[in-house]
Structure formats: structure tokens, C-alpha cells
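So that you can tell them apart, the chains are marked A, B and C in the order they are listed, and the count of residues begins at 1 in each.
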């Protein structure tokens, strides 16, 4: 294996942020710099959220920065073939693979790559050169400023994330897969920043996998903005299967126009700490959003899913289903908020969060919320925290199925209504397998996503 | 085959069974009848090993072994089947996976190789035809969204798959219309062999028009108060349970 | 039942707040504003023992360090605590020995409110403590109850007569440090009710307190303490009204309940403080802390509330389920109309083993109002076998109002089962049409449907209150359909 180039890493010191901003600005266009500077100002004023912030009430933010994380402002030059260290081994998963290495787009920054029919991907930096009007129209428009310190921090450092553009009427059958790799002998704090744009009548499927190849502590703070135009269809699956030293803070902002349809699956199988902030704005009539999530946590792991669905226009529909299994001393948090704005009549919004606690020390906090300002609505939410149904266990055992097997079947059945919604068949098959192994207590990683010590 | 001696059992500290004795030989069909709350379902639960019920005295012998020592799954492997009064819905667990696991665990317990997928599917098809269960039901999750009748048919289907030596059918007739009842009863009759036995628990006589018992026992306040041939069922139908109650009071 | 329905329908046709009158009675005020001297003055006016004054002062000093809570889904205008009068009492002789000594004006007031203070006129089976502004005017049936060992009197009298009980139990369920308004109340509380049911006694009649704000520019800060000793049972009712005034008035009360082994307390509230006018002018700010402690094993505390009044409501009656097998219940109907705002719900804290709680909340929002359910179900680590079920439904009438649900579930024990269900919908047009077709006007149809919707909660109320509450629901929704 070839050596990594020598590169400069900074200690994590937020007060020096603005010093580096200047360097980062070159050769970005003005609108981009302005957005970054605005975010930096906002970050400077508010900083990272703390326990007093209602949305981060349960979040162990203080423990998070006990590690001496390093931050890289610029992309490192890698002189080896990425295929030597990584190859996704999911059988029959035929995807266009995009690699993000340590938070930066892995590939050239000069131009975008065209897949077919004008569908392009590449680094954000390249997009600012090639499709500046598209980037200007959407970049930081959905993430906004000042709503979350982590997002502001990410925006202020944005430069080399993934950009995907799907033009009008184009349909890409084969899914695109973004693999977030961490490969470093340092304890890295990475800040991936992605922008996905789906124009009218387009159809696009995206799979994102978070994988740390090295076992050092790492902290990811990623922001993805997805813009879904009229009549477009977007299918998104996030697979978080890391190790206990990896912490992930992940924000996804989805903005939907009229009659668009978005389906997301957030599968959290393994990671020391996971925080998913999932924001959806339904800003056109008859838009539909389906958000599913599954989190299986054990040991001292922590999974925190925040979902916010904003029904800003009438006649939209949203449906959330989040399920969790907490083992050992794991802790789960779910906070789902549905906002139905005034005049968003004929809204249908549903939300369900079901959890199983397997041990005495596992914990779960659930906070489903409805905030409704229109009267012609059908909204409901439900949440449960409980354990495996003993009645059903007895039923299975009376059919000759052993207690262990029965428990496993029950848990697997519990997770099934989330997994069945994954539309990429080969991926669903793999996730089913991973979930099964996970529930059996095996450390289930994709084979080639194994650990490499640098 | 099955010998119950002076069985006492309680649920949450309340004694429900107060000294039951019963003997079932291969090939016999026993009907247990009785008014609501007499302990019929509790008896079924004891046989299948439900933890909720605590046995406080007496013994249950199965082919000479102490049945009460066995876990529910071991009892199943031994060939005891309970047809549930209220079959449980298990969302997300497919019927196929459920049955495959059940059959293979049972084979494993007997030291047999698991069935190959093709043999398993063949078996499923065969048994489905036997009990006239709609094909669609087996492609769904266990009992999820099944109607009352479908759930009961599904119980009989599972019984057909597992081929038990002793089937305990707990109020299998409750909530069934006459057609469904016939299907269920036919299934039970087709599965009958000279070696296997059944205990049919029911409140009404009508099921016994289809499944002819060799013995009828009346369970009342936790005790078997009367045992006789199948004619007892008809007598009960005619005179109601009050007749037994009165007889008891007079005695 | 038919008759009731007719009566209800008749009442629906006459709108407006019917308790808005003012009683002309000479009142003893103290100067407005709040400082330690005011607290000393209140305490001395009530001739309190030293320990109570100390408690008040400690609470006041703590309150000064606190800030108004902001987390509720409410827009609360700035409150100037120095502009409020903290003590106002109708002038009368200090000790009441017989009914003749009650000021005829006051008697008339309570008659008008439907609360006659003469025992023979009262429906048998209900004992009343009538509280106007800062003092208790009259407690009925005291002697009858005393024969059973039941103590039922005003808080002020209890302080004089049973200081040990007060000292032992006051502030034990709601400490003054609990929240901003609890601290304020603990510093300046005026009167309220006190009740003690001895071991093994089932209280033979409904006990009730009727709260009336009369004086202008005053705040009402009553405090109620209920103790049910081992195996005791009591059903307790609380009603409240206030005159129609243009300015907002603050009501910050504390209710504490303690239930020992096998005791059961049922606490019902029909809250009908003046809600302000159609344009949102005036009305009571109802910031109340109510909490019960199921201290003993197998104890039970049940809250039922019908909330139709107040400009702003902020209250979360809760239960601390400390005893094993203890049970907490919360049944609520909260109606908001015009510019009313409500942020209300319940807190159930499971500490003991096999504790059970039920929450049923029905919110109805109309006009330009905002109605929020906020509830916490917390299962502590050692609360084996805890069980909770919460059902929170919201009904929206009109497109200017809002209905919100903020449940918090915090479960630290894996044998617990906690379930929350909520729905939000508008009143069914097909239901209204069905009623219309049968000759029922839309307004009446809504009354019927809303009562049906709230039935699960109304059924929990004692009989006479249930009828009263039904009427209230309909009146509160007057003019909500255009």
C-alpha cells in the first residue's frame, strides 16, 4: 500500500475558524463564500447546541468533544487506488459508486462526471464551476442559517462534498451509492457537505453508506440538502454500520415541490453515537413523504433520531415509521414533529415510533409531536416502549420453536415493516441479513468494509 | 399416553384447577365441556406449558415422563399441539418462515436433518390442500389481519404440518360459522389416525356433531364432575349445565 | 336524560360568560406590589405561626432568582408582578359561627353562582368550602364530617387548628422550588381548602371548593392540601369563576394530594375562569401546579378536569406513583375558543413496582385559539412492571385555531409498557349533516358531537358536575361555527 501524503491537520479550535475561512474561499464563487461567511457568523454567535437546547436535551454533547479531534480544511491527495482498500461486497448491488474520503469527494475537482442523459455528479467545488446557477439556487437554501450550530459549522466549511444533478425527465435506473469512508490514523472530525438536485419528472435512487475503515475515534458532521422538483421521485437509503468509536451527526434537508414523492430509509445498525436530523419541507401541493427508520443499538451505543415534517402546502401526505431495539445499556431517543401550517388543508400526516427494550439498563425517550394549525387534517401519532410480546413468544414456543429462536423471530418481525420498504432489492437482502446477524449479537459488517489499521 | 393425576393449578394466586385426573390412550378423542370459567382453557394451558399458570399439586405424565418439567417447545417436539382459543398475531413474521422454523427445530430435536426448501414447500402445499386453507393466508404474516375463521383454519393447518400425537383444541369452534366449523372439523378428522389422540375443549355440543368423541367430561369449578360416552354431550345440549349443577348440589 | 339534553340545548342558545358579574362588597386590600414586607403582612393578617412565615420568605427569595418558564406553547404577555394586589378579602367579622354571619352580599353572590351556602339548600351529599379572593367565606357540613373524624376546612383555619399536619405535609409534593409559579404561590398564598380523611374512612359526601375572584387587580393564590390516610376514600370537586374585566388577572394555585396505603382520591375540576372577550381582551391567567403523591402501596389518585375558562391555561396535574401497585389517572377535556390559549396535560412518574397510569385527554380548539397537550410519562429504573396508556385526541373547529400534542416518554425500565396514541381531526361534516337531516341545527349538532367526543372524560365526573360540565362545553363553543 502506498503511503498517504503528508497533510496538515488542525486541532479542533473553533475560534480559529474564521482564520481558515479565507483560505477555503479560493476559488469559490461569491454566493458560495457569502453563504459560508453567514454561517460562520451565525456559528460564532451561537456555537454548538448544548443541553439547554430542547432538541439536544438528551444528547451527550459534552462527552462528544472529550476526544482531541483533528480537523482537515483541505482535501488530502491520495496516491493509491481506493479500490485497494475498499470495495462494497453487497452481492448484485449494482450501483454507481461515489467515494467520500474523510469527508471530501474522492476524485478530481475540475469537472463533473456525466452518467447519462445529463445526469452528473462530482465535487461541489467542480459544480460551482460547471453548474454555478444550480448550486447558487439551492446551496444552503434548505439548511438555512442559525437553526443548528452543527449545520452552521458544516456550511461555513463546505467546499468539497458530493454534488449530484438529475435534469428534467431523466430516469436513472441504477442507484447511485455514496460511501463515506474514514481512513486515517488520526482522530478525525469530518464535515461532508452534499447537494442533490432532482429536476422535474426525474427519478433517482441514492444509497449512502457510512463506513470507517480505521478504528480510531471519529466524528462525522454531515449535511445533505436534497431538492426535489415537481413530479420528481427520490428514493434514499442511509445505512449506518460503523464501529463503537465512530460518532455520526447527520443532517438531511429535503425540500419537495408539487406532486413529488420522497421515500427515505434510515437504517442505523452500529455506531457509538448516532444523531440523525431529518427535515422535510412539503412546499407544493400533493407532495408525499415517507420516512422510515430502524435503529438497533447495544453496548453503550446511542441513537437519536429527530424527524421534522413541515406541511407548508395543502393536500400533502406524510408517513413516518421509526422502530428501535435497545440492548445492553444502549440508549435511544426519538423526536418526531409534524407541523401543519395554517391553510395546509386536507393534510394527512402519520407518525409511529415503536421500541423494544431488551435489558434493564436500556433506555428510550420518545417524543412524538403534532403541531397543527389547519382544521381539515387527518393526523395521528403513536409511540410505544415495551418488550417482546410474551403471548406471541408462547405461541411460537408451543409450535416447537426454541426460546432463543422465537425471540429472534419476534425481533426480526418487529424490524420487518421498516426493512420491507427498502426498494433496492439487493440492498434490502443485505440489510435483512445484517439485521438478522445484528439481532443475533454478531458484529455484522459488510465483509470488505472490515477494519484496516493504518 | 397422557396421564393427569390430581392436578391443581392457580393463576395469580387464584386456584382454578382443583384436582383433575384424566387418562388419554392412543387413538382416543376426549371432549371436555363445561360452563365458562370452569377451568377448561387453564387445563389446556397447563398441558402446553404456559408460564402464567402455576401447578401447585398433582402430576402430568406423558409417555411415562414428567410433562411439567418440559419447556413449551420441548412439549411441542414431543408431539403435543395446542390449538389456541385466541391465536396470536405476529406482525412481520411470515407464515412460511414460522412453519419452516417450527418444523426444522422439531426435526433437530429428533436428530433429523432440516427439510430442504423444496421438500418443505411440497409439504406446505400438501397440507394446505388437506385442510382447505386459502393459499393467500400462508404468504402473509402469522395471523396478522386474519378473520376469526381464518385464524382457526390456520391452527388446523399448523396441526397438519406438525403432525402431533396429541392435539389439544381449545374452543376451536368459538366464533366460527357453520361452514368454517365444517372445514375445521374435517381437517381434524382427516388427520386422525389410530395412534394419535385429541382433547377437544368446547362449550357447545355442535362441534361434537362433526368430531365424534369417545369420551365426554364435564369440567365444573375446576373439577371433572362427570365422565361418560358421547351421549353425555347430547344430554348436556338438551338440559344445559344447570342440570349438572343441580345434580351436584343434591349430591 | 332527554330533559337534560333539552335544557342543555336551551342553554346553548344563550351565549356569553354568565358569571361575569361583580359583587359590591367592601373589601380589605393591601397595597399592590410584592416584597418581603408584603409577605410579612399577609402572614400577620392570617396570624400565622413562625414556620409558615419562614417558608413563605424562603419561597419568595427563591422565586426572585427564577425566570418565567418559556417552554410552553403559549404567548404570555409580560406580567408586572409589582402591579398585582396580593391580598384582598371581603370585610367581615373574622370568625364565622353561623351562616347568619356571612355578609348577605356574599351569600347572594354564591347563590347566583349556584352555590347556596345554607346547608339545607345544598344538594345533600356535597360539602362546600367557598373561597372569595384571598379568604374562605364559609365551609358547610363541617360538623357532620367531623363526626367521622374528617377534617374539612379552609387552609387558613387548618393553619390555626392543625399546624402540625400543615407542617408535616405542606410543600412535600410540590416544593416551592418546583417551578416559577409554585414558588410565587408558596410566598404569597392566601386561602384554600384543607382536607384530612382518617384511616379507613370513606368520605360519605362529595367535598368541594368553590373559588371566586371578585376584587379587581388582584391575583388569586390559593393552596389546597388533601391527605387520605390508609384505606380512606374521598371525591373532591373544585369550581372556579371570575368577573368579566378588561385586564388580565393572575391565578397561581397549588394543589397537593397525598394518598397513603390503599387510599383513593378523586379530584375533579371544572375550571371556568373568565376567558376574556371575543377579541382576547381580559381574562384569567391560570398557572396552576397540581400534583398527587401515591405514597402508599395500592393507592390511587385520579384527576378529572374540564377546562373551559381562562385566557391562558398552564397546568399539568400529575401523579408520583411511589407506592407499589399504585394507580394514577388523568382525564381531561380542554376547550379553547376565541383567543384562549391552553398548554395542559399530565405528568406520571412511575417509581414503585407494578404502577399503572392512564391519560385520556380531549382537546377541542375553536376560534383563534391554541390548544396544546403536553404530558410526561417517566418510568424510573426500578419501576418494574410499570404500565401507561395515553390517548390524546384533538378536535379542530375552524381554520384559525391550532391543536398540538407534545408527549414525552422516558422509559428506563425494560419491563415497562408505555403507549401513546393521538389523533387530530376536524369535526366530521358527515356527522353534522346527519344531524341536520334529522332536524338538528348545526350549532346543536356540534354540541352533541362534542359531548359525545368528551364523554369518556365527562363520565369520570360526579353526576351534578357532569351535567354542569356538558353545558359549559357547549357554551364555550358558542359562535365557533360561522
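Rule of thumb we're sticking to: a residue touches a chain if its C-beta (ideal position, glycine included) is under 8 Å from a C-beta of that chain, and two chains touch if they have at least 3 such contacts.
Predicted model only: the values in this text are computed from it and were never measured.
Participant: Looking only at which chains touch which, which shape fits best: line, ring, star, complete or other?
Facilitator: line
Participant: Sort the other chains by how far their Cα centres are from that of subunit C and give me the top one.
Facilitator: Ranked by distance of C-alpha centres from subunit C, the top chain is B.
Participant: Between subunit A and subunit C, what is the gap in Å from one C-alpha centre to the other?
Facilitator: Distance between chain centres, rounded to whole Å: 46 Å.
Participant: From the C-alpha centre of subunit A to that of subunit B, how far is it in Å?
Facilitator: Computed from C-alpha means, the inter-chain centre distance equals 50 Å.
Participant: Roughly how far is subunit B from subunit C, going centre to centre by Cα mean, in whole Å?
Facilitator: About 54 Å separates the centre of subunit B from that of subunit C.
Participant: If a residue has to touch 2 or more other chains to count, which residues of subunit A qualify?
Facilitator: Nothing qualifies.
Participant: Which subunit C residues qualify as touching subunit A in the complex?
Facilitator: Per the stated touch rule, the residues are 71, 73, 381, 394, 396-426.
Participant: Looking at the complex, which residues from subunit B come into contact with subunit A?
Facilitator: 48-51, 71-73, 75-77, 81-82, 84, 87-93, 97-98, 101-103, 105-106, 109, 141-142, 158, 162
Participant: So in the complex, the part of subunit A that touches subunit C is made up of which residues?
Facilitator: Per the stated touch rule, the residues are 54, 342-343, 345, 355, 357-360, 362-387.
Participant: Tell me, which parts of subunit A touch subunit B in their complex?
Facilitator: Against subunit B, the touching part of subunit A is residues 389-392, 394-403, 405-406, 409-410, 412-417.
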